[in-house]
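Naming follows writing order (A, B and C), and every chain is counted from residue 1.
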C-alpha cells in the first residue's frame, strides 16, 4: 500500500543576473530563491491498483516520483509504502520495487541483456525456478529471447524498452514505477508492453504507478488517475468521471431518413429520459446530435430509439480523453462545456 | 575573418563557462610545476657532476618553457574531430560556409588561448621574473613561432583524429602522441640529458620545429640571421604538414560522403 | 551474509565486464601501449638522471625504481577496478545518478563495479616487472612474511588512492561537476612516486597528513628498501582504514543531501 500524507518538498535555486557582470557578482553573492515543488499532497493507493500520474512538465510530478522511490527526502509529511519510509529504509524498500525510467536504461549498458538479468537475479535473491519461469513469460509476451544475448548498447530503442520493462518485473516487485515507458515506441511494441503490464497486474497483483503523457497508455491501462499541477493534486479519481467534470460527454449522432421528421424521435427520447441523463438534443443539417451524461449508457439510449424506423444510421463519439486532460491541465475542472 | 573571431570566441566561452573547472585546472597546473621544480631541486641537491651537463637554472628554464609550450599546444582537438566523424556530425559542417578544417582550427585557437591563461602565462610570469629574460627583438619572433607551432600540431592532430575509429583507440593514440611529444620536446627532461646520437636524430624530426625552434628563438645566443633561418625552416615544415593534412582530409571526406558516415 | 552476496555479485560483474571489454582487442592493445609509454617517459627520466647523480634525496637508483614500481602497481590496481570514477561527472550533470539508488545494493559498489579498465593490466605488468628487476638488484629477501606484507601494503596503498579519488568524486553531490577535483587528485598523485625526501618540509607535511599520497608509493616501499622496519611504512595500514571510513561517511552524507538534476 502506498500512503502519502501532507507531503511537501521545496528546492533552493540560485538566481544569477545575466551577462558577464552577473556571473562575476554571483561569485560573491548568492541569491537563493525557494521553489515549492510539492505542496502538501495526500493520496493512498491500494495494492494492485494501476494509477496514472499525470501533470504538465515541471508540475512536481517527477519530484513526487523521486520521493516515492526513495531518492529524495520530503521536507514535511509522511510517506509510507509497503510499511516503510522509502528514503530512510532504502535498502530494504528497493527490494520490493521495480523502476523503469523511459529515457535511461536500468540495465548494464555494455553487457548482454541476459547477463543484466542474471545480476538482477542475484541482487534481488530470486529463486532459480521463479527466474526461469519469469523469463519464459517474458519471451511469450514480449518475444525477447532473440535479443537478450546482445549488449544493451546494440539494441534499438524499442528492444531496449522491452528489456528494461522485463528487468523491472523480473523479481516480481510489489510496486512498479514506470516513467514514460512507451515514449518514442511504435504501436506494436507499445501494445506488447501494455499487455505485459496488465498481465503482471492481474496475475501478481503488482501495483503500477505510471507516469506518461501518452493518452492511449492512460486509456488502455489506468482505472485511476492522479493529476498534479503546480505542486498540488488537482484531480484524483476515475478516468471515466473526469470527462463529466470537464463537461465532455458521449455524443450520439442519429441519421434519419428524413431529418424533418424528427419531432417524434425527440419527444420519444425526452419522455423516456430525464434532463440530467439526456443533456441536450441538437438538430444539425442531416443528423440529430444527442448528448448524454454518464448516468445512462449509449445502448440504453439506442435501445429506446431503434424502435423508430426512421433511423438510417448512427454514430457514437467517445469522450476525447486528450481534450479532457488538456482541459484539466488548463484548470478547467468543474466547468460545463 | 569575422567568422574566425566568432568561432574562437564561441569556443572560449564554452571552455570558460565553468569557472570552477578553470580555476581547478590552473591550480592543478601550479601543483604540477611545483612538483617538477622540487624534483629537479632534489636532483641537483647533491654534489654530483650533473651540473656539467646543465646547471639548475638552465634546466628549470628549458623545462618550464617546454612545459608551458606543451600545455599551450595541448588542445586535444583530435578527440573532437574523431567524435565528429564517428557521430556523423561532420556532415553538418559540409553544409555551412566555413569549412570543417577551418572551424576546427579556430576551436584549436580558442582552446589554446584558454590554456594560455590556465597554464602558460602563470608559468611564463614565473620564468620571466626568476630568470629576467630580456624582451628584445626575439620575443615577437618567439610569438610568431609558437603560432606556427600551433599550426603544425593542429595538422598532426587532424591526421590523428581522422584515422581513429573507436573511442578507446583515440584515447590510446592521443595518449601515445602526448607522451611521445612531451618527452621528445624536452618537456619531461631537458634534451641535453639524452644520448648525443639521439639528440642529433631529433633535430630532423618535426619535434624540433614544434618546440625547440620557439624555445631557441627566445633563449639561445644565436644571431638574428640564424634565428630567421630557424623560423623559415619551421614555416616550411608547417606548410608541408598543412598540405599533408589537407590531402588526407580530402580523402577522408570523400570516403565519408560515399559511405554515408 | 552480506559479504557473500556482494562477493557473488562482484565476481559475476567482473566476469562479464572483462568479457565485454576484451571484445575490442585493437583498442586494448593501442591504449595499453599508450599507457606504457606514459610510464616509460617517467622511467627514462629517472634512468637518464641517474647517469649523472648517485642518489636522489638520499635514495639509490634501484631503491627509487622500487618505489616507482610499488607506486605503479597500486595505481594500476586502482585503474583496473575503479576507473569508473572518471565518468561520474556525466551522471551528476545529466541527473542519471539516481539509477544507482534504485536497487537494494550499495550505490558506491554499484557504481564502481560497473566497468573495469583492462588496459590497466599492461601497467600492472610493467610495475611487477620493475619490482622484480629492482628487487633483484637490491637483494631483497622474498620470504613468506615479506610477501604477505607486500600484498597487504599494496592493497592498502591502492585503497588509499581509491579513497582519495572517491572522496573527490563524492564532492559531485555538492558541486555537481567534480571532474576537475578528480583530475587534481590524479595529477597530484605523482608526488607519491618519488622519494619524498626531495621535497621541502611544507610539501612533505601535506603529502603525509593532508593528502596522504606519500602512502601510495614511498612510505610503504620503505618497508623493503631500508634495513630496519620503518614505522611510517606500517602506518600505511591505519591510514588506509581511516581514509576508507572517511570516504564512506562523505559518500553517505552526499547521498543524503543529493538533489538530482531535472524537475
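Quick note on the criterion: a residue touches a chain if its C-beta (ideal position, glycine included) is under 8 Å from a C-beta of that chain, and two chains touch if they have at least 3 such contacts.
The model shown is predicted, which means the values in this text are computed figures rather than measured ones.
J.: Return the chain label for which the distance between chain Cα mean and whole-protein Cα mean is smallest.
T.: Of all chains shown, the one whose C-alpha centre lies nearest the global C-alpha mean is C.
J.: What is the chain whose Cα centroid lies farthest from the Cα centroid of chain A?
T.: B
J.: How many angstrom between the C-alpha centroids of chain C and chain A?
T.: 47
J.: If you average the Cα atoms of chain A and of chain B to get two centres, how far apart are those centres in Å?
T.: 56
J.: Between chain B and chain C, what's the gap in Å when you average each chain's C-alpha atoms?
T.: Using C-alpha averages as centres, the distance is 29 Å.
J.: Could you please specify the touching residues of chain A with respect to chain C in the complex?
T.: Against chain C, chain A makes touches at 11, 37, 57-58, 60, 62-63, 66, 69-73, 90-95, 97, 99, 101, 104, 106, 108, 110-112, 115, 118-119, 122-125, 151.
J.: Can you list the chain B residues touching chain C in their complex?
T.: Residues 18, 20-21, 24-25, 27-28, 31-32, 34-35, 38-39, 41-43, 45-46, 48-50, 53, 166, 168-169, 171-176, 178-180, 182-183, 188-189, 193-194.
J.: With touch defined as at the start, can you tell me which chain C residues reach chain A in the complex?
T.: Per the touch definition, chain C meets chain A at residues 5, 8-9, 12-13, 16-17, 20-21, 96, 98-99, 101-105, 114-115, 256, 258-260, 262-263.
J.: Over in the complex, which chain C residues touch chain B? Could you list them?
T.: Checking each residue of chain C against chain B gives 24, 26-28, 30-35, 37-38, 40-42, 44-45, 48-49, 51-57, 119, 175, 177, 179-181, 183-184, 187-188, 190-191, 194-195, 197-200, 203.
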